[in-house]
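In what follows, structures are represented as structure tokens.
One chain, subunit A, links the two complexes that follow: it is found with subunit B in the first and with subunit C in the second.
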Partner chain A sequence: MARVTDAMRRRFAWGAARLAPVVTLLAAWEIFARSGAVTPFMLPAPSAVTERICEDALGGDLFVNIGATLYRALMGFAIAAVGGVVLGAVMARNALARWFFDPIISVGFPMPKIAFLPVIILWLGLYDVSKITMVVLDAIFPVVTATVAGIASVEKELLWSARNMGAKDRELLWQILLPAALPQILTGLQVALPIALIVVVVTEMQMGGYGLGGAMMQASRFANSRGVFAGIVEIAIIGYALVAAMAWLRRRLLAWHQEGREG
Partner chain B sequence: MDNPAQIIIENVSHHYRPAVGREVLALESVSLQVREREFLALVGPSGCGKSTLLYLIGGFLPIDTGKIMVDGKPAAGPGPDRGIVFQNFALFPWKTVRKNVLYGLERQALPRAEREARAQAFIDLVGLTGFEESYPSHLSGGMKQRAAIARTLAFDPRMLLMDEPFGALDAQTRSLMQSELLAIWEKTRKTVIFVTHDVHEAVYLAERVAVMTARPGRIKAIIDTSFDKDDPEVHRSKIFVDKVDEVWTLVRDEAVKALEKQRP
Partner chain C sequence: MTVAFSTGRGKPPGPASGRPDGKLPALRRLISNRSNFLLRYSPLLILALAWEAASRLQLASSLALPPLTDVARAWIELIQSGDLVGNGLSSLYRAGAGLALAILVGGALGVFMAVSRPANAMLGPLVELFYPMPKSALIPVTVLWLGFGDGSKILLIFLGCMLPVTIGAYNGARGSDQHLLWSARSMGARGLRVMWDVVVPSALPELLNGVRTALALAFILLVSSELVVARQGFGYLIGYLGANGSYEAMFAVVLTVAFIGFLADRVYQAVVERALRWRE
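Up next, the complex of A and B:
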């Protein structure tokens, strides 16, 4: 029994230690906001912001906005993930596709895709479709490049070994290349997920309407600083939760990988 | 002993042309015949092209000069008639030991229960009982090597191409695996090409030992080692010691040349 509680105590201590920087930051924020150095309008205290978040939650607005933002971010992310892996796999396997898409990817990746926003609004309007399109446009690049690089770095002996045991050419992609490239593909997805969230919030800020970005712009327009800060905190929490969920998924999927090893 | 030649290698040369760096002539007009059911060992200094020759026979690399015939047909493309054990194991890291061994069996017209039983039998044979559900990254080097051997033996190829298959094993395990391999070979009479750095192992296992020259690899000599090895003390017999000595001298000369070539 003693040992169990020891282990539990250690785990609790770890959790506390990891939370400490966040708690310190919040405490500093609270003290600074109440010190009188700034007005509550410029910097509302975290306690006031929390109060505002609770009000939004009770009124139901919070969940409508989170739902809208998450739906757009995850929908765009899912399309970018599937499309990116498919395009990456085609590029890795087909010289013609590589010749065609390689320059497009090279130019498109570093380009600020937000520049397309006015065009996308003209073409697709102000609603979900245009926001999701913006997310896909931004999030697909890291997935494509990770998939291409992952497939290119698969050891030739793995392919030879499969062919030696009678695998057909068309089986190699699903049975060997994609599983072998999975660690790198997942890294690409882990890069793409926060991008999806960032892009969705930015487009919501531009276009207004439901969603956390839109709600923040609304609050800002009404000079409601508590509302603006509430939005910042909500986005931070959602971003953290999404990234943590993705890391958990990675550990589950890569139990076979070196990094999945315990201790 | 006078079986017809099953693998015929004629004047095969091989260039590696890497995308960056210089072109390497790995093999230069290699000619060699391996009879059906023969056990041939291939020895030679590191980098002389032993793996390359196995890859060519296995049909993994294109043959640009010379020709290789297997069972009367050109060795174009790999096939499950020639099972290879790769020097770096080439286990599928996302599959457990059991799934790795099953991979080749799944492509054969066997009932499921029989596939499972066969996989288990070969896992047991190489001493990996209890590690069926382990992933390769959780195995030691020697265990990976044994898993790779089990995987290739399981799909029952008629020819075995083994690239230093016991290289990562300790002396005891190696000696056990040698006996197992000999037992399998005596029972099923597969044709075996066995690459090794260990001259004792070559003389002990093989009926003939082919010694290769330093890069570019050619066949320098072929030593007949098909004397009676049933005696448990055979390692100390005069003929055994003499044969080891003969092969060893040939290999050492080439190893010295290979080292000299590398010096600026």
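Up next, the complex of A and C:
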């Protein structure tokens, strides 16, 4: 049997202390919603929202919707991640590619790409392809810029010594450039992930169908505020879990890096 | 990017030529800068030409991709009819108001969390909880609370943009040099004075970085919420024109919004660069 050490007790106390504000907020929400100051339509109590989430879960709808949303978000994110790193690496190593894509990336990055949603719907229809395309379009820019910046900042000495020891271009890329640029690439991915989630929710709201955004919009059309708040809670939990997973992945991947040892 | 502009300049104006014309080198510099500018942005021009060619040569249906020149004509009509300006102003008002509130409240919150331990213990976990939430999920609730008009968009943008500013202000203010704080205190500065003269300026770079993120988010949330539910604004206009099949005009508005988002970011960066010049 594991003994309860001081360190464990301290860690538990720390966790509880951090949980306290969240619990307080939930309690305040419940009390405020029940006090009659606002109608249940404006602000349903968290207990009512939880009930609704449980109903959805038992009916199976919840899992279908979560599955659809996650599939689109992660598929789009994965394509943006791979495509962004490839494009960024090519731009960092090839002057012609840099000349062509640099203005497109630097003009396209700050643009609100979500405005192209109706154009994408016009081209690709209302189904998964256009939702995923929209996610890729929005999420790829931070990955490209982070990859270009990451590779550009790799120390020249590293490259020279690798070349000296006879590394070929391919080895140089896989064994020197990408690992050395990894911290910045991961930062780019950490920027891209929340963007992917925001965009997937908007596309689902706009186009309807399965998915958490679509379900929320439907609840909103039927003035079902419990459904709307249930959607917010579900999306918030998914967002939190994915962002936490990404941070965990970063720690794992950078365990060899200075940054990993500091933490 | 700046490298491209600093190379290839004309000869610096010198007395060697013996002529009293400071104009010529300035002109030459302008032309040379302009040709650099052209070279740098020529890929965009190539894309625009490819667009025009693709639809003129019927490679893509002119419905799906109306020729760029037609889009430009539709843009001029939209300006003349006042639709673009009216909807645009209402969009910019919403984005501006929401963003201003987010900067004020979010910035104050971040600085407060950095200087007060209890505030940090109370608010830190909540900020951490809500920060990764995809803010677009709040669109239906803001509509539920405030209806279809300006209020719901301003609230959405405020809520969505606040936390990046808070985190920027918090990280910046927390990193402010303890020695500066001590010396300010030892010279008799107290409370708000220390805050305003020491903590806020040293938090400024990171705070302004957070604001830049918020600026981009404001545009995303503005257009999203107007696309989903609105009776006014850029997003509404895009949806309305698309539903009526006036695709040239729809493309014109989409490009306008994208350009304004881009322009806002560039102007913001230029202003920040100026504002932070004292740090060098």
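One rule holds for everything that comes next: the second predicted complex is superposed on the first by the 255 of 263 C-alpha atoms of A that agree within 3 Å, B and C clash if a C-alpha of one lies under 4 Å from a C-alpha of the other, contacts with A are read in each partner's own complex, and residues count from 1 in each chain.
By our rule, a contact is a pair of C-beta atoms (placed from the backbone, for glycine too) under 8 Å apart; a residue touches a chain by one contact, two chains touch by 3 or more.
In this text the structure is predicted, and so the values were computed from the model without any measurement.
Novice: On the A-aligned overlay, A:158 touches which partner chain: subunit B = first, subunit C = second, or both, or neither?
Specialist: It touches subunit B, and subunit C stays clear.
Novice: According to the stated criteria, A:63 is in contact with first (subunit B), second (subunit C), both, or neither; which is it?
Specialist: neither
Novice: Touching A:118 in the superposition: subunit B (first), subunit C (second), both, neither?
Specialist: second
Novice: Which partner chains sit in contact with A:32 here, subunit B, subunit C, both or neither? Use first/second/both/neither.
Specialist: A:32 sits against neither subunit B nor subunit C.
Novice: On the A-aligned overlay, A:222 touches which partner chain: subunit B = first, subunit C = second, or both, or neither?
Specialist: In the superposition, A:222 touches no partner, neither subunit B nor subunit C.
Novice: Which partner, subunit B or subunit C, touches the larger number of subunit A residues?
Specialist: Touched residues of subunit A are more numerous for C.
Novice: Look at A:256 in the shared chain and tell me whether it touches subunit B only, subunit C only, both, or neither; answer first, second, both or neither.
Specialist: first
Novice: Could you say whether A:174 touches subunit B, subunit C, both of them, or neither, answering first, second, both or neither?
Specialist: neither
Novice: Share the list of subunit A residues that count as touching for subunit B in one structure and for subunit C in the other.
Specialist: none
Novice: Which bits of subunit A are touching subunit B when the two form their complex?
Specialist: Residues in contact with subunit B: 155-158, 160-167, 176, 179-180, 182, 255-258, 260-261.
Novice: Over in the complex, which subunit B residues touch subunit A? Could you list them?
Specialist: Checking each residue of subunit B against subunit A gives 55, 58, 60, 77-80, 82-84, 86, 88, 90, 92-96, 103-104, 107-108, 135-138, 151-152, 155.
Novice: Mind listing the subunit C positions that touch subunit A in their complex?
Specialist: Touch residues, subunit C against subunit A: 1, 40-44, 46-47, 64, 121-126, 129-141, 143-145, 216, 219-220, 222-224, 227-228, 234-235, 238-239, 242, 247, 250-251, 253-254, 257-259, 261-262, 264-266.
Novice: Can you list the subunit A residues touching subunit C in their complex?
Specialist: For subunit A paired with subunit C, touching residues are 17-22, 25, 41-42, 99-104, 106-107, 110-119, 121-123, 194, 197-202, 205-206, 212-213, 216-217, 219-220, 225, 228-229, 231-232, 235-236, 239-240, 242-244.
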